[in-house]
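Presented below are the structures under discussion, each in the form of structure tokens.
Each of the next two complexes has subunit A plus one more chain, namely subunit B in the first and subunit C in the second.
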Partner chain A sequence: MKDQGGIGARAHRIGGVGRVTGAQQYVADIPVADVLHAKLVTLDCAHARIVSIDKSAAEALPGVHFVMTADDLPKPMPRFGPEYQDRPVMADGETKYHGEAVAAVVADTKDLAEEAVRLVKVEYEVLPAIHSLEAALAPDAVLVQDPAIRRPGPNVDSNILSEYHFGWGDVDAAAKEADIVVEHTYDWPSQTQFAIEPHGFIAAPDDDGIVVWSSIQHPYQLQKTVAKVLGLPMAKVRVFAPDPGGAFGGKQHTKLEPLVAFLALRAGRPVRLILTLEEAFQAVRRTGARIKVRTGIKRDGTLVFQDFENHFLIGCYADTGDRVSAKGSFLSAGPYRTPAVRIVSRSILSHTTPTHPMRGFGIPQVTWARESNLDEAAIAAGVDRLEIRLKNLVKYGEEHVPGDTPADGDWAQTVRKAAAEIKWGTPLPQGQGRGIAIGVKSGPTTGLSYSTVRFLADGSAIVFSGTSDMGQGARTIYAQIVAEELGISLDCVAVVMGDTAVVPYDQQTSASRSSVLMGNAVLNACRDIQRKLRARIAEMEEIADAAITIDRGVMRIADREEPLPVVLARVLGRMGGEVVGNGEARKDAIAEHPLGGTALFFEFNCTAVDVAVDEETGETTVLKQITVGDVGFALNPVQVTGQDEGAAIMGMGQTLMEHLIWGPDGRTRNLGAIDYRIPTSLDLPKELHSFSIENADGPGPYGVKGISEGSLLCTAPAIAAAVRDATGAVIRDLPLSPERVWRALKERT
Partner chain B sequence: MTETFHLELTVNGRPRSVDIVASHTLLDVLRDDVGLTGTKECCVVGECGACTVIVDGKPINSCLMLAAEADGAEVLTVEGLAPEGRLDALQQAFLDTGAAQCGFCIPGQLMSARALLQRSPHPTPEEINEALAGNLCRCAGYEQIRAAVLAAAGEVQS
Partner chain C sequence: MQAFRYLRPATVEEALGLLEEHGDKARLLAGGTDLVIELRNRWRTPEVVVDLKRIEELRPAIRVEGKRLVITAGTVMGDLERHPTVLERFPALAEAAAVVGSVQIRNRATLAGNICNGSPAADTTPPLLVYGAEMVIASRTERRRMPIDEFVIGPGKVALGPAEMVVAIELPMDRPIAAAYTRMTRRHGTDLASITLCCGVDSKGTTRLAYGSVGPRALLVMDESGVLADPKANREQKAPVLAALFAKASPSPTSMRAGPEYRVAMLPVLGARALATALERLGKTA
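Our next item is the complex of A and B:
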């Protein structure tokens, strides 16, 4: 019921009014009575041995409550992490990255906390810092992690955290069959998520438990972690997760919440720690990667083999680095029919900021390498760059990774649409070039989401969902599903999120899962309500359940039709009350699968661009950027376009301007908005067009697939290909900054 | 002892009289002393625009202005755009085009856009890009934001 704001409607964002009036409260906006202010003490280097910390002068300052150091925390130091429990609550004798807290000050005001930080005297010895793959893998490299806290394994005495081997076929045998073999190495720099809302945390003692506010994507994971670190039952840890002001992967997991919880427990009062943007840069980043690819093809462009060696430079703690390396690399060979593939992927520890995934979860890094290398092979063979893709692209239902989920869309349709929109094959003026690239990413490999929907007596409804609405618009999507299924208008639906004490469990908000997994949970909760209504009507009218059908908000008995709010009123009668439905959606783990589960769906995107390159300055201008996504079904077309265009522009920024720079001592040299550039309204493509392919063939409600990573998966290789097409300059390192392009133009042969 | 300052200013048409820490910025005072948290804090170096407010008709980064400098000034924040609870044309257009995604940058975008429309009621797309270049949006809803400003053009009362 599109006109009532049901599925397919261009419905206004639920929560939109608060966002345009300033009423929307992010963590830093939440007033908490009697709150104290915390500030972190950090060192001006990456790797150091802490000799002593003198907090006496800071603690003597009136209004300062205390300074907490590792000595004030339980022994052994509690450690946590999403995959490996290796991250200490606070630096314990040694800092491993620039910005790691060695102490925390708690004071009456923010000003006092800042002043006290300057009075904490830390004596420390600077140690050599590793911030490159070469240094980390050198035979005599310092070990970033003490082998005693590592999981036993063959790499425990090195900086290799994990190593994966994937693949199929016999690459060495296949290599003999190839007419053309092209091998190159492609670098993707470390970058930062740069949500405009820096991370914020508040903790408050709550009777015999604790309440934590956090701008977090995965509140239920945070609840579990805080409970474990503090030794509390999960039921005594209540997490409030207000909508994050952007996240992009950088707010997935627990960071400083355990520390703030310890501060609050010691203070016996609420404590808040709102990071500065510079501190947010030091709290999390995206992994850089170096990908070596060897591609073998026949003269006609048929793929024969691909051989990948992927290295991801992760931080000093495992965080999600291992998973990004594994999941990103698993699909290294992309959506193609490649008979033999070998993939080795390693996550490498370094004295740098711990890494979370960023939009794309490792896929942009490997896609940059694969698509660029495929272009180089096509050019060597004299095969058209679009044709080589279409020739090797798997068909609907065909496996691209043997044993995993087969292609779940008509992907050629997506590629052809992009090619048509960019007018592939038509000539461009001198100085301009064209590129095309394909990205494919596994959606979630496991998942578990619950939802409760309450159908109230007046025909309005409240949805409970544990998703974090960080801009993707999850609230609106769920409300549209409920409006559709219960036959009510969108303005009669409220959505409750962000409170682990009230809202049932959701595994996490990541991998573009929410419209599919939580969407199905919400749909199932509505179906539960429909079942209950049907059973009660059957009883009241003394007819068989089977004689009643309910579909999309309408009940039918023989020729009679009745809207569900009317049915509800009859069922509730004079007593009133409500009907409550519960729904669940799961994607079960598969123990023997290399990733622990097959892809629930694929995000598939084709991006094509035209660029102009200024030969004098090396500046690249994107003239036209076409992004086409296989979305299944656009539940809300406005939000689908917003997400995809956002991904496209973010992808362009990451291609042309974004990289973190480390100094020799491991300090991050470009902390903050002045030195780390992201796209502004003056950096946009001259033309940007986003298209959706809708065949209603996804596993979510009404055929939806996840879409939120979209164009970002393959923007970089498309733009780099266009730069080469325009100039002949081949660049295999990102970003394509004017300086780098200018140098490549000078070195062009 | 921290130096204090007695500040008198008008915020969204309402006179305010507050004793503040002299070193605090207008952003600090709006958020912490006046209690209007619609104005957001991000970079505090005048690069991101999240803290944009209108002071005596001009858009400024409130993180770069000492509050004391705003003594006697008329300040308009995002909360002042819909004083009667009715959205103004810009706010409505932002909703209509889906310009607000995560929403964190939106108060700043709205204030920059309002200032633009007050000085140039019918801006070109290029003028909009120029006027909003100091307001970062990491969701990169720039296309929708520009569309919203175009849609609202001419409908904003000064």
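Our next item is the complex of A and C:
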């Protein structure tokens, strides 16, 4: 019921006013009685051996409670991580990246803690730091990780953390059939997630357990990790996860929470640690990548083979670096029908910030390479760049990775829509150019979400969901589903999130899964309520269950229709009370699948752009950016457009200006906003248009698919293609800064 | 942030007295858009911060006195970018003021603070150099005027004694110069420039060029041959003259904003563009 804020309504964001007025309480704002303040002691280098730490002067400062070092933590140093348990609570004898904590100060105030940090004397020996693929793969390279903490395997004595081989067909045989073969290497720089709210943590002793606040995407994984590190039952670890102020993947997994928990336990009081933006840069980043692609086609543009060698430069601890390289690489060949594909993917350790997922999860890096190389092949063959894509695109229901989830949408419809909106084939003035690119990303490969919905006596409802609403608008989506299913208006629905002691388990908030998985759990909880109402009415009216249908908030018995709040009132009677529904949604793992499971759905996007290039300065202006996503069904069209535009702008920023810069010593040189530039409102494309293809063919409620990453997947190749179209300059590394474009213009042949 | 004493004098005299008392342990706060960041990050740890915002003499912002435009030390960028006289007579200064920081910063940041901070990338330095601005410097014993070209020394350094302060910046109104400001940045929104550049021409055919962010301080250079200001001279004739004016550019090889080779190559591009705008403006006033 759209008019009541149900599905399909352009409902206002729940919590939106608080967010924009500053009323929302983030971890930094939450009042906690008796709270102490922590500050990290770090070194001005990446890789160092810690010789000694003298904390006496700092601890002598009035108001400073203590300085904690690795010596104060259990031996051996507790380690944790989502895939590999390799991350220490604090640097253990050696720092492996610029910004890794060697000590932490706890004081009465933030200012005192800062002052005390300057009084901690750390004697250390700077060691050579690896921050490039070449250095990491050199035969005599220093090993970033001690083989003793590595999983046994063929690469344990190298900086290769993991190596994956995917593919089908015989690439070497197919290569003989190709009329045109194009091979190039494409670089994607390391970047940072740049959530406006830097990470924040609080921990407080709680009787014989602990309470942890964190701006985190996966509170239940944090609960499990803290329990394991502290040796507590999960029931004694309560995680509050206040809605994060942006996350973009950078707040998925546990980072400094175990350290803050140890600080709080030692202090016997709550301890808060709020990172600065500079420290947030040192907490997480997106992995850079170098992708070598060889594409073989027939003269008419038909794909014969694709051959990839992908190297992802991950940080010093695995975090999700291995998963990003594997999952990103698995779909290297894209949404195309290719008879032979070979993919080798390696994640490479380095003395840099641990890599966390970021919007796109490795797919933007491989898409940048594949789509750019496909353009080069098309140009070499004299085939239109749109035509080569349409020619090779798989049809609805056709597999693009043999044996895996087939195309779950009419993808050609998406591509044709983008082409029509950019007016593909029409001429452009001198100095302007046009590009088009396609991105496809697997949604979650496994998933598990539970939800509880309480239908209260007055016909209002509370929905409990373990999703983190980090700005994507999950609260609003669940409330819309409840409003629709229980036949009530949106303002009668409250959404409770972010408390592991109260809200049932959710695996995680990532991979654009929540509308689908948690959405289904919420839907199933509503259906559970509907079933209970139906059973009770059947009893009361002495009719068969089957004679009653309930759909979208209305009960029907023969010709009689009754809104659910009325049904509820009858069922509860004078005693009142409530009806509670529980729902579950799962995507089971498949042990033998290389990714642990098939894609639940695909995010499919086509982006087309017109650019103008200033040939004197190399400056690129995006005149028009068209993004079209296959969304299944827009449960809230305003939010769908908002997410899509957000990803498109983020993609444009990552294409044109964003990159982390490391010094020869491995220090991150552009820490913070001054020298790491993201687009402002003045840097937006002159025109940005987002379109949705809706065929209600997704696995989520009412045919929903996840949509929050799509338009970031292929922005870079679309813009670079347009720059080439405008100027003839070919650029294979990012960002497309004016200086880089200017150099390419000088070098063009 | 380290603790400091915060003082708020009501007069220039009082402020100068505080400077004399505390010497280099004191730091003046005008808009605070540089100072507060320095305090927060502990890059500066003054014992005393002297807030100038309540000093009546430093307001009103902008006035004409005889043949000078007086811009008091309390004048913020937002005042400049909107002021009718500035827009009419000194448009390049309005253009430079309009790109400093964001709207919020421009409502706070002062022109005098921008110059006294001594950043090689300060947006307002090149137009002030081109227009021949003078700094009005006060101490307990005297008030003196100094051309901005002598006042600006190098990164973070200006010719200001520990017991002195700038009370105003003055622009001569009897020397009509048609000028334009341009710059190069990494993005259109709030940014620090990798090149700042102002070009001014007068009716006698003299071209003044000031450029910053490509060396330790912004430089003022002149073409008195008349070639650059000559509307009949073509691109090929102007190019070598323009190139010679940028000979002293020495951009940092380690800057993250842009490489030195690129910056050097962009100077004549920006120079030619600003020159064209300046000539256009000269044509309109003639």
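Here is the rule we go by: the second predicted complex is superposed on the first by the 747 of 749 C-alpha atoms of A that agree within 3 Å, B and C clash if a C-alpha of one lies under 4 Å from a C-alpha of the other, contacts with A are read in each partner's own complex, and residues count from 1 in each chain.
One rule holds in what follows: a contact is a pair of C-beta atoms (placed from the backbone, for glycine too) under 8 Å apart; a residue touches a chain by one contact, two chains touch by 3 or more.
All values derive from a computational prediction rather than experimental measurement.
Residue contacts after overlaying the shared chain place A:A104 against neither subunit B nor subunit C. By the document's definition of touching, neither partner reaches A:V503: not subunit B, not subunit C. Partner contacting the larger number of subunit A residues, of subunit B and subunit C: B. Residue contacts after overlaying the shared chain place A:V631 against neither subunit B nor subunit C. By the document's definition of touching, both partners, subunit B and subunit C, reach A:L682.
In the superposed model, A:A418 lies in contact with neither subunit B nor subunit C.
Once the two complexes are overlaid on the shared chain, A:E739 sits against subunit C while remaining clear of subunit B. By the touch criterion defined above, A:I674 lies against subunit B and subunit C together after alignment on the C-alpha atoms of chain A. Once the two complexes are laid over each other on the shared chain, residue contacts for A:P244 go to subunit B alone; subunit C is not touched.
Within subunit A, the residues touching subunit B in one complex and subunit C in the other are 111, 674, 679-682. Only residues 111, 114-115, 118, 616-617, 657, 661, 669-670, 674-675, 677, 679-683, 737-739, 742-743 of subunit A touch subunit C when the two sit together in their complex.
Residue ranges of subunit B in contact with subunit A, taken from their complex: 2, 21, 23, 31, 35-45, 47-48, 50, 77-79, 81-82, 87, 91, 94-98, 100-107, 110, 128-130, 132-146. Listed in rising order, the residues of subunit A touching subunit B in the complex are 10, 12-13, 15-26, 28-29, 31, 111, 193-198, 243-248, 274, 276-277, 470-473, 638-639, 641-643, 645-650, 653, 672-674, 678-682, 684, 688. Those residues of subunit C that touch subunit A in the shared complex are 1-3, 42, 184, 186-192, 256-259, 262, 265-266, 269.
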